[in-house]
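Below, chain A partners chain B and then partners chain C, in two separate complexes.
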Partner chain A sequence: MDYRRDIPLAITFLIGIIAVLDYYTGVQVITDTFTLIKNWGVVIQGFALGLGAVNLLRVHGKRISQRSGGTDWMFSGWLLLMMAMFIVVGLGTGQYDAGPTYSWIYNAIYLPLGATMYSSLAFYMAYGSYKVLRARNFDAALLFITAVLVIMGNTPALAATFPGLFYTREWIFGPIVSGAYRGIRIGIGMGAVVLGIRTLLGMETGYLGRR
Partner chain B sequence: MVSVDPQIWIAAFFTIAATSYAFRDNVVFKFAENTFIGVAAGHTIVMGVKNIRDYGWTHIMQGEMIYSVAFLLGILLYARFHRDYYWLYRYPIAFLVGNGIGISIRAAIHSDFIVQVAATASPLIKSDALGTVNALITFVGVVTSISHFIFTQEKIHEGAIGIVPKIGRWMMLLAFGASFGNTVMSRFGMYQGRIIFLLREWLQII
Partner chain C sequence: MSIWEKMTSLPREIVMGLVLIAMIIPAMNPLGLPLFTGDMSRAWYNTVDALPAGSVVLFDVGYGSGGYPSLGPGNIAAFHQMFEKDLKIVMMATALEGSMMYPLVMEGVKPEQNYGAVYGEDYVFLGYIAGGQTAMAGVLGDLKALVSVDYEGTSVDSLSIMDNVNGADDFDLVAYMTTAGGTAEGWVYQAYSQYNADVLGGCLSMMTTSIKPYYDSGQILGIMDGIKGAADLEFLTGHPGDAIVSSDILSFTQALVLIFILIGNVSFWMTRGKGEAS
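On to the complex of A and B.
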């Protein structure tokens, strides 16, 4: 037995089977075991987040030590400083995200930046839609028609002036969107189950790495 | 009267800085971008440690020593940085993959398959004409969009029968267009929130 490869495959199979059995049998011992597994999973994921931080330190630490990318290394230093500040304030006080200082920094920096970064993608989407959705062919025209109708139906001033736009939008999200997405979800469901079974049986081993 | 709260000023600065990329890439945006990545990483780590405490350490403190296995597996993740013992990181990864797949199989069978098939398998003839038309369109959409993903039978995409997956593709394009429009509008809605923040809480002019 190759303990570098076979034991991980056995772990995947065992844990996956317990999760599935918990759903289909409802036996108390299996349910309790799966609860334990879920809690362990949360703990291991916590450690995995630290792995991300280590990678971030390696990448940006290298950039700082080599003074690479013009002035970019300064931003790397700032990035690490910000990360360290959040960790020190969060863990140092022992209150995690509930501390007043942490909340203050969170509301001043993380919240506005997250909301603005996320919402400002609308500009790029609008620009991208201008370039992509120009009705060059029948397929693009289909995309364009529903996109424009939904945007107009979602615009309060237009929908208030022409209520038909609102009802058209509602109708599009009824039979057309639910019909197509239902088909896609059934396909995704079948694909996920097949891929899951293949992985549990050790036929997909990409997650073990190449080394 | 402009706000005098430093928290509002910092939030306003980062709101404007994050938007500045809409004009061109610039130093202020880079500053905001790196700040965001740093605080996001820091926040994630703090929450991760909190989860380790709540879901692991608390149990150990109560005498459930079996939870120390989770800590051991977590530490093994860092073996990937070791040249000789890197393979040890496969154990916790295998645990996480097994857990994730087990949960996703359960969810996929139930919500992506059974629920969707059950929702489609309803009478096509409704009490009103519009309801019947809608049910027919939905049914056609489901069947044709599934047929578009049949790759094991190439002939289904050829000849007269090829119109079935083609209709499926058209239905999906219509649906994607609607999703796109909805996403654009929801993002603009969020951006309006940021503009209102600037005008109301920072500049206090509305």
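On to the complex of A and C.
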């Protein structure tokens, strides 16, 4: 008997069965047990965040000590410095992320950086649209026509002037996109059911780090 | 090199520079271009509007700094409507940065000043709850078993808004705004599929295609899709803000992108013969 394999499999089976029974039976004692398990799950995931921070420290600390990746180690150093600063400020004030100093640092540094990172995509998408959306052949022409119609329908002033453009976008999003997406989701759902059953039966051990 | 050949490969700096100019002009000089409120935003507005005063809404602030420019204005407009309607809002965050977005949004709404709302009586923020769908299931299953204190560390038992709120059956509406696909669909699975709850979803524009099937099937009652949806909500609620200004920018930049796509295609076809010959 391989305890390192069998004990996690037994725990998974037990929790999985309780989850399934809770959904289908609604018996109070099962519901209460599953509520407890869900709360454990939230706590464990909270610990996982802490583990992530430790791992971040380990990976970037190693990069700094080895001066690897050209000058990239400097970014690692900056990352760890910022992490230390947020931890010190958060814990030092005793108010964690609700403290005014923490909020100020976040709003002055991280918020604009985060917003800029995401917003800068607009420039690359504009250039990408210009370079890629060309009707080179039949397939590309279909993509080109669809993209142009969706962009036109999504442009507020154009949609307000010509409401037909907006409804065309809606039609593309409806029968065409929704139809295709539902097919994909149903496929994924069936796959998830099969994976769930295989995991419950101990036939799937990938999550244990085994093949 | 002919003009068409030049047009077919414009330098990145030119394209991006012109896009930047198209953003700056309406940002500095809002033009108030017309808006067309979409069905999904209107459905969001009507769903909230139909709730009687005192109804309890569970609201997930499921985005961070990257999503704030798109979702923040819509969140503010949504809260304006909810406070105007005298609804009770139980807020939580499934995104780690959600707890940092909460003060920014409340600064825009100012519920105490504008609506005489009282923290703990009319609204509460439970903070970030780790676990994604596990957190959703926990909040909807037995909220008080999972959350004992609010974001400020006050016991939830001492907050009057939480007196009769224990789980999914006590919420009249579940609403979220998120940049995460897993969260957007997770609320459908956990709130609608499990408890048949009314769900409203806010997401980035590029996520609309993956969320809309749930709207078409009635599993989500309304969608606020990105900055366009936010502008619609601002218009419908009568609280114009950043999203309406941004919709001018959106009109300008997207019109420019359409022009570039047109230039790219015309120049491609004009030079195609030459390319094949060479």
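The rule is simple: the second predicted complex is superposed on the first by the 188 of 211 C-alpha atoms of A that agree within 3 Å, B and C clash if a C-alpha of one lies under 4 Å from a C-alpha of the other, contacts with A are read in each partner's own complex, and residues count from 1 in each chain.
Keep this in mind: a contact is a pair of C-beta atoms (placed from the backbone, for glycine too) under 8 Å apart; a residue touches a chain by one contact, two chains touch by 3 or more.
Worth saying up front: this structure is predicted, and the values here are computed from it rather than measured.
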| item | value |
| --- | --- |
| Which of chain B and chain C A:87 touches, first, second, both or neither | first |
| First, second, both or neither for A:188, with chain B first and chain C second | first |
| Which superposed partner A:41 touches (first chain B, second chain C, both, neither) | both |
| Touched partner set for A:149, first chain B, second chain C, both or neither | first |
| Touching partner for A:76 - first (chain B), second (chain C), both, neither | first |
| Partner chain(s) touched by A:104 [first = chain B, second = chain C, both, neither] | first |
| In the superposition, chain B vs chain C on chain A residues touched | B |
| Partner chain in contact with A:4 - chain B first, chain C second, else both or neither | first |
| First (chain B), second (chain C), both or neither touched by A:197 | first |
| Which of chain B and chain C A:59 touches, first, second, both or neither | neither |
| Those residues of chain A which chain B touches in one complex and chain C touches in the other | 23, 36, 38-39, 41-42, 45-46, 48-49, 97, 106-107, 110-115, 117-119, 122-123, 125-126, 129, 133, 144, 147-148, 151, 154-155, 173-174, 177-178, 181-182, 185 |
| Chain B-touching residues of chain A, taken from the complex the two chains share | 4-5, 7-9, 11-20, 23, 36-54, 56, 72, 75-76, 78-87, 90-91, 96-97, 102, 104-123, 125-126, 129, 133, 139, 142-151, 154-155, 169, 171-190, 192-193, 196-197, 199-200, 207-209, 211 |
| List of chain B residues in touch with chain A within their complex | 6-7, 10-12, 14-15, 18-19, 21-22, 30-52, 55-56, 59, 66-67, 69-71, 73-75, 77-78, 80-81, 86-87, 90-99, 101-106, 108-109, 111-113, 116-117, 119-120, 133-135, 137-146, 148-149, 168-185, 187-191, 193-194, 197 |
| Contacting residues of chain C [partner chain A, same complex] | 10, 12, 15-16, 19-20, 23, 33-36, 38-39, 64-69, 96-97, 99-100, 103-104, 129-132, 134-135, 137-138, 141-142, 145-146, 151-152, 194, 205, 208-210, 212-213, 216, 228, 231, 247-248, 250-251, 253-258, 260-261, 263-265, 268-269 |
| Chain A residues within the chain C interface of the complex | 23, 31, 34-36, 38-39, 41-42, 45-46, 48-49, 97-98, 103, 106-107, 110-115, 117-119, 122-123, 125-127, 129-131, 133-136, 144, 147-148, 151-152, 154-161, 163, 166, 170, 173-174, 177-178, 181-182, 185 |
